[in-house]
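One structure, pasted below without further comment.
For reference, chains read A, B, C and D in written order, and residue numbers begin at 1 within each chain.
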Amino acid sequence: MATNGFKNYSIKFSWLSQTWARLKNDKMGLLGFVLVITVVLVAIFAHFLAPYDPNMINISHRLQAPSLVHLLGTDHLGRDTLSRVIVGSRIALKVAMISISLAMSGGLILGLLAGYGPAWLDRIMILIFDTVRSFPTVMFALALVTMLGPSLNTIIIVVVITSIPMYGRIVRAQTLSLKNKEFIWAERSTGAGMVRILAVHMLPNVIGPLLIIASMDVPVVVTIEAGLSFLGVGVRPPAPSWGSILNDGYAYIRNTTWIAIAGGVPLILTTVGFTFLGESLRDIFDPKLQKDI
Amino acid sequence: MSLDNANILEIRDLSIDYITNRGRLKALRNASLSVRKNRIVGVVGESGCGKSTLIFAIMNLLAENAEINHGTIDFEGQDLLKLSQNEMRKLRGGRISMVFQDPMTSLNPVFSVGEQMVDIQHREKLSKKEKQLRAVNMLAKVGIPDPEKRLKNFPDQFSGGMRQRISIAMALMAEPSLLIADEPTTALDATLEIQIVNRLRKLQADFKCSILFVSHHLGLIADICDDVVVMYAGEVVEEGSVRDIFHRAGHPYTQALLECDPARISEEVTELPTIPGEIPDLANLPEGCIFRNRCSQASEICEKEAPHRLEIESGHFVSCHKHNLEANND
Amino acid sequence: MVSYLIKRIGLGAVIVVIAVSMLYGMIHMVPGDPLSVMLGPRATPEMKQELNIRLGLDKPFVVQLFRYFTSAMKGDLGSDVISRRAVTTIVFEQLPYTFTLILTGIGWAVLLGVPLGCYSAINRNSVFDKIAGIFSVGTIAIPSFVVAVYSLLIFSVTLGWLPAIGAGDDGDFISQFTHILMPALAIGLGWVGYLARLVRASMLEVLGENHIRTMRAFGLSDRLVIFKYALRLAILPTIALLGVGIGFLLSASVFTEIVFARPGIGKLIFESVIQRNYPVVMGCVLITTVIFVISTTLSDILTVILDPRIRENL
Amino acid sequence: MSDQGKSKNSPVFTRRKFLKTSSASAAALMAFCALPGVSWSVENNILKVRTPFDIATFDPAFGSGPIELMVGSCIFNNLITLEKEKSWVWKLEAAESMKQLDPKRIEFRLMRGIMFTNGYGEMTAEDVKYSFHRIIDPKMKNPYAGDWAMLDHVEVKSKYVGIIHLKQAFAPLWNIGLPGPTGLIYSKKAMETVDGKMTVDPLACSGPYELKEWKPKQVIALKKNKLWKGDKAQFDEIQLFPIASDSTAQAAFESGDIDFTVISASAYQSYGNKAPKNARLLQYDSLFYSWLGINMENPMLTDIRVRKAIQMAVDVNAVVEAAYFGLTKPATGAIPPGLIGHRGKSIIPPEGDIAGAKALLAEAGYPNGIELHLACLNNPGVVAQAQVIQAFLGMAGIRILIDQLDPGTFWVLGSDASLGEKANDVQLYLQRFSTFPDPSFAMQWFTSDQVGVWNWERHRSAEFDKLNKQASEETDPAKRDKMYKRMQDIMELSGCYQFLAYEPIFALCRNTLDPQMRPDGYPAVRYFQKT
């Protein structure tokens, strides 16, 4: 008797292809996806793509405007700006990926504890968050750089510690507002442990906004690195980080504006990419925002 | 399309699809029903049968991906579907108002009840003081103790039952001619349900408005409603007075529903009866009758042709081939 | 409500104490001393030793800290190592400039960002939403010192519309206003996009909730539903972030203050850290931490006041 | 079947409406912005000059030096001041005459009628005595006491005449002490009211200008001093703006906010040789000298061959080209041109010898190169030089890690007092000093007793110390010249020093101005003329 209308129609789509299907028809998400993939690929194959050695100094060809030989011109030491931007993407991604994931997970754990834990724990967490955040980043960066040396890891540590409070505070606010929602009371009434409640129930609700903040944090992280270079405590020269390129761009702005543009544009594209990808992924995974029947 | 002066609302052949990334879901197909003045019409059916789509179509509050294919909704001489946004907005909360299902989320948490009740009287040419007074009277009518003080409180400071009473007060304050109640008591416990339902029936009598009462609770429908509309998988399968439906159910689905109602089972059973099979996929519908795969009295014709609506006795309509055959034989 | 206030202020005080103590410890870890930086080759070891004694840096750490806080209580934050001016005057001289800069910066960012966020949320996935999206996300990514230097080149060098440096003459509002336009643009631009995205995200969430549908079901005008009922709820998370933002901008204003040669506490912190002018660094951090605590407490209190769900069961 | 079409229930603000409102507000903004072209030039007789940082005190003897002296020389007076000619000769300022009676006695005669403001009366020899004694007074612990170390006492002969008695002949007094920050003459009466510790209130001014207003970090405003009888003050008011960033100073000049500013080499180059309208591009020689220091006591660098290899590997021409766009020649020593003792040529040729360096390194036991740290200040120009050196040393197998340090950390890098034995961790570093127009000032930092203080190379040479002492006492310029040349040879041969550049000073100046620079490369604002 089974005719076509009655076979069991449970969707066979695998999880991944369903996400891809959704992503395809969200144009902004697609734009974000394309940009992110480009940046990641450029970072991975940086050394093949870069036409010149990013640190090869060539004084006689310096401060040149873009030309066929140097597509984005050269910097104040005659190094090819395009190669520096390409290799710089490795540093930018490394700083962004590591520090954001560390800061997010740190913030997540501390935030959940602060939001869900007893009042005294909450107060201690607020204490930590606000103390770290009220600290002038300059002083903090300087102290760390002098103690641990001006390496990329120091920059990452500075970025992680200064970003954890932001994540922590958002997660705490979210947890606090969810704490007295019925589904949490229901779960607690079944005697579920704190870890289970936090991990299984609180996390999915909190991860949504966190994804957005994390994706919007990419530029903040790289700007902090740029800021540190501007204040002279950035990565160890001649590392071609986008921050140091922007800083050189600023110092030699009157000679050529191309260095600053070459440092700024990839940063903007990466940010737009991560943010829109983050947002469309959030829309896909966040049950509340789905518009089915 | 003259409106029978007795009916306040007449829906004719209303079809609505939802465009989703799994294709077009035909949520409502050729639904027709009518609501007479000063009567309570119950709309009953399992969840997903399209009753919410139906009532939101009336209020023009459908989701963005909803598409009305065809059909008319006549309300007091106007086809609501032809109205512009602004014209429809004039009706909402004035001639038609609505009470929602979940009291916990249907009121804005950051504004006091009083402020919200004043704002919804935006059509009245009254001073703020007078509007507050009307709100207080209304709250008293729905049984909120000490309404003057409670006006300043916020929704979170009321229990679920209280909030639903406030919603009802808000809905009836403009003395609408049609009140749509979307499963108003589902979120409440039994004792509260009875209080709310009785309160609603008394208010209906006072305000002489018609109520479209949506529910999946048969017992409740039997108590409160004058007429009943039974829906299954996006179609209206049967429509008639309470007595017609509960005593002379014409459609096999209605009969099956009644058999499953625990309140009506007399002898002791270890297992509650259910209707075998599942609701077909609304994205690719089978030919013939929609209930065929779960109908014990299905025959070949059911597989080929969809039954059309037949008035088996005055005011009692059924969409089932069984009756068509009998009509032909008589 | 009052008990909540007292708790917050108490917490704030503890934060200030911890931040300053942490800084005190950090200063000792960081090498360098004010004389070497200021005098270079002229600074002799004897003078450095004499300075340490004068600043009491040779005392054990805890004693120094205790003496610092007791004198701070009395309003004496010590004096600048070289100019011997009282730190309190130095800091409070520079503070108003940074404060007006931050408030103007965040001010215009809110005025532009919030409505931008609302319109994007209302017309979700429309062309406007997409363009506004790219604009706001793009501006987040540009560091403030790049915005500052480009606006300097455009508006004061090529067009000559606005003065390049300084904060304008006291008392002359027009001059101060023309001097704050570009710095406020530089500091606020990133915030426009940030606020727009946040408001859009939380607005989308709120617009999907049942009570908004209820208000629509009562025929309220779109303007009322969106800008009163939806926005009031959607703005709450943003207010919490604004409190933090003001604290963050206190030290982030250093870039704008350097590029526009504006007086301000951001640059003062940076320069005194570089010069290892300990008393001034301590004074700055103490006062900026106090301001930070005040601004976060205010924003928390504001969120509590605006959110009856929390206020009522306090 | 009438298709009702999508019943969009979410309220859509029509784009037209939004665009209408936003374009209206944008138009308003633009209208507001179009103020009349806001630019000031040297009008109503106000001279506006940029300084790299703000002053800390009005007493140059206790300040960071250059900026305080720039302001000090406007509101106070030295007996004599320095004028740029072949090699900085002195000219009279407050003194009517100066005579070197014998190597140990100098007689001065004050101009009459130099009045102190705020009613502190006329300047007398007594004030001069108090001002010089104040520097060597142990109680005052003055950082610049070294400039007057040889002062025995000042004898007051009459109201306007006095004699400076020295413990022994000290030629540099004429170039360092008398015209410098410690040679300013204050009102004894005024200074005694604050027992010598004047900081932010100058109390009594005697120069052509007096303090009008000091708004910290914003402006130092000086106004014409009516009591001044000497050469007429050129401007009604002088405003000094502390601007840290060169790009900002350049923009401030071009938008008319300031009339004179020192700019970086790259900024100078950015103009090509086309100055902005009604302005001039200027280049001056200064007394700054820079070098690459090599710490010989660091375990990696004890072998002279390694140090020699480093010296040889550096192409000084390239470093100078990178830093100053070819606008100056490589340095040949620690004493800038125009001064006694300036070496014409360095021993190791400036273009360097990569192959030779590599061979030396292999010979010293490092066939596949070594890794060293190069510390430098974190300003862009210096970091650029460091990266050029890194490139060349890299070619010779010396892998360099650059540590760019903030001033606080950098200035104590090799100081035993600050870092203890960690001070010996420094390997290579880029240093830049300025001096007064007397070689003794430049050479004092390389003596043995400066090891662990400012001699971070930790190079000890008895011959160097002996020569240094003799040369400062020697009055015959020819003999001094030979000694200082020999001293610089010793430095270079030790392998601890690779001299880089004598730093030129670049400036942007209004056409209506004829500026005057001081030996330390800072503008002598008091002597600016109007063309």
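Here, a contact is a pair of C-beta atoms (placed from the backbone, for glycine too) under 8 Å apart; a residue touches a chain by one contact, two chains touch by 3 or more.
For clarity, every value in this text was computed on a predicted model and none was experimentally measured.
Undergrad: Average the C-alpha coordinates of each chain, average all protein C-alpha coordinates together, and give the chain whose average is closest to the overall one.
TA: Nearest to the common C-alpha centre lies chain C.
Undergrad: When I count C-beta pairs in contact, which pair ends up with more: C-D or A-B?
TA: C-D
Undergrad: Taking each chain's centre as the mean of its CA atoms, how far is chain C from chain D in angstrom?
TA: Using C-alpha averages as centres, the distance is 34 Å.
Undergrad: For chain A and chain B, let me know how many angstrom lie between their CA-based centres, rounded off.
TA: Between these chains, centre-to-centre, one finds 48 Å.
Undergrad: Using CA atom averages as chain centres, what separation in Å is found between chain A and chain D?
TA: Centres of chain A and chain D (C-alpha means) sit 43 Å apart.
Undergrad: So what's the Cα centroid distance for chain B and chain D, whole Å?
TA: Once rounded, the distance between the two centres reads 87 Å.
Undergrad: Would you mind listing the residues of chain B that make contact with two or more other chains?
TA: 61, 63-64
Undergrad: Among the residues of chain D, which are close enough to touch at least two other chains?
TA: Residues 9-11, 247, 406, 408-409 of chain D each touch two or more of the other chains.
Undergrad: Would you give the residues of chain A that are in contact with at least 2 other chains, written as numbers and ranges?
TA: 142, 146, 231, 250, 253
Undergrad: Within the complex, which stretch of chain D touches chain C?
TA: 9-13, 15, 18, 33-35, 37-39, 53, 56-57, 62-65, 141, 143-144, 146, 197, 199-200, 215-219, 241-245, 247-249, 251-252, 254-258, 406-412, 415-419, 433, 445, 453-454
Undergrad: Under the definition above, what is the set of chain C residues touching chain D in their complex?
TA: 30-33, 35-50, 80, 82-85, 90, 93-94, 119, 122-124, 126-128, 149, 152-153, 155-157, 160-167, 178, 181, 207, 216, 222, 225-226, 258-261, 263-264, 267-268, 271, 273-276
Undergrad: Using the touch definition up top, name the residues of chain B that touch chain C in the complex.
TA: It comes out as residues 59, 61, 89-94, 97-98, 100, 102, 105-112, 116, 119-120, 122-123, 154, 156-157, 167, 170.
Undergrad: Considering only the defined contacts, which chain C positions touch chain A in the complex?
TA: For this pair, the touching residues of chain C are 7, 11-12, 14-15, 18-19, 22-23, 26, 29-31, 125, 130, 133-134, 137-138, 140-146, 149-150, 153, 194, 197, 201, 204-205, 208, 237, 240, 244, 247-248, 250-252, 254-255, 269-270, 273, 281, 284-285, 288-289, 292-293, 296, 309.
Undergrad: Mind listing the chain B positions that touch chain A in their complex?
TA: Chain B reaches chain A through residues 18, 20-22, 25, 27, 48, 53, 63-65, 104, 280-281, 283-287, 293, 303.
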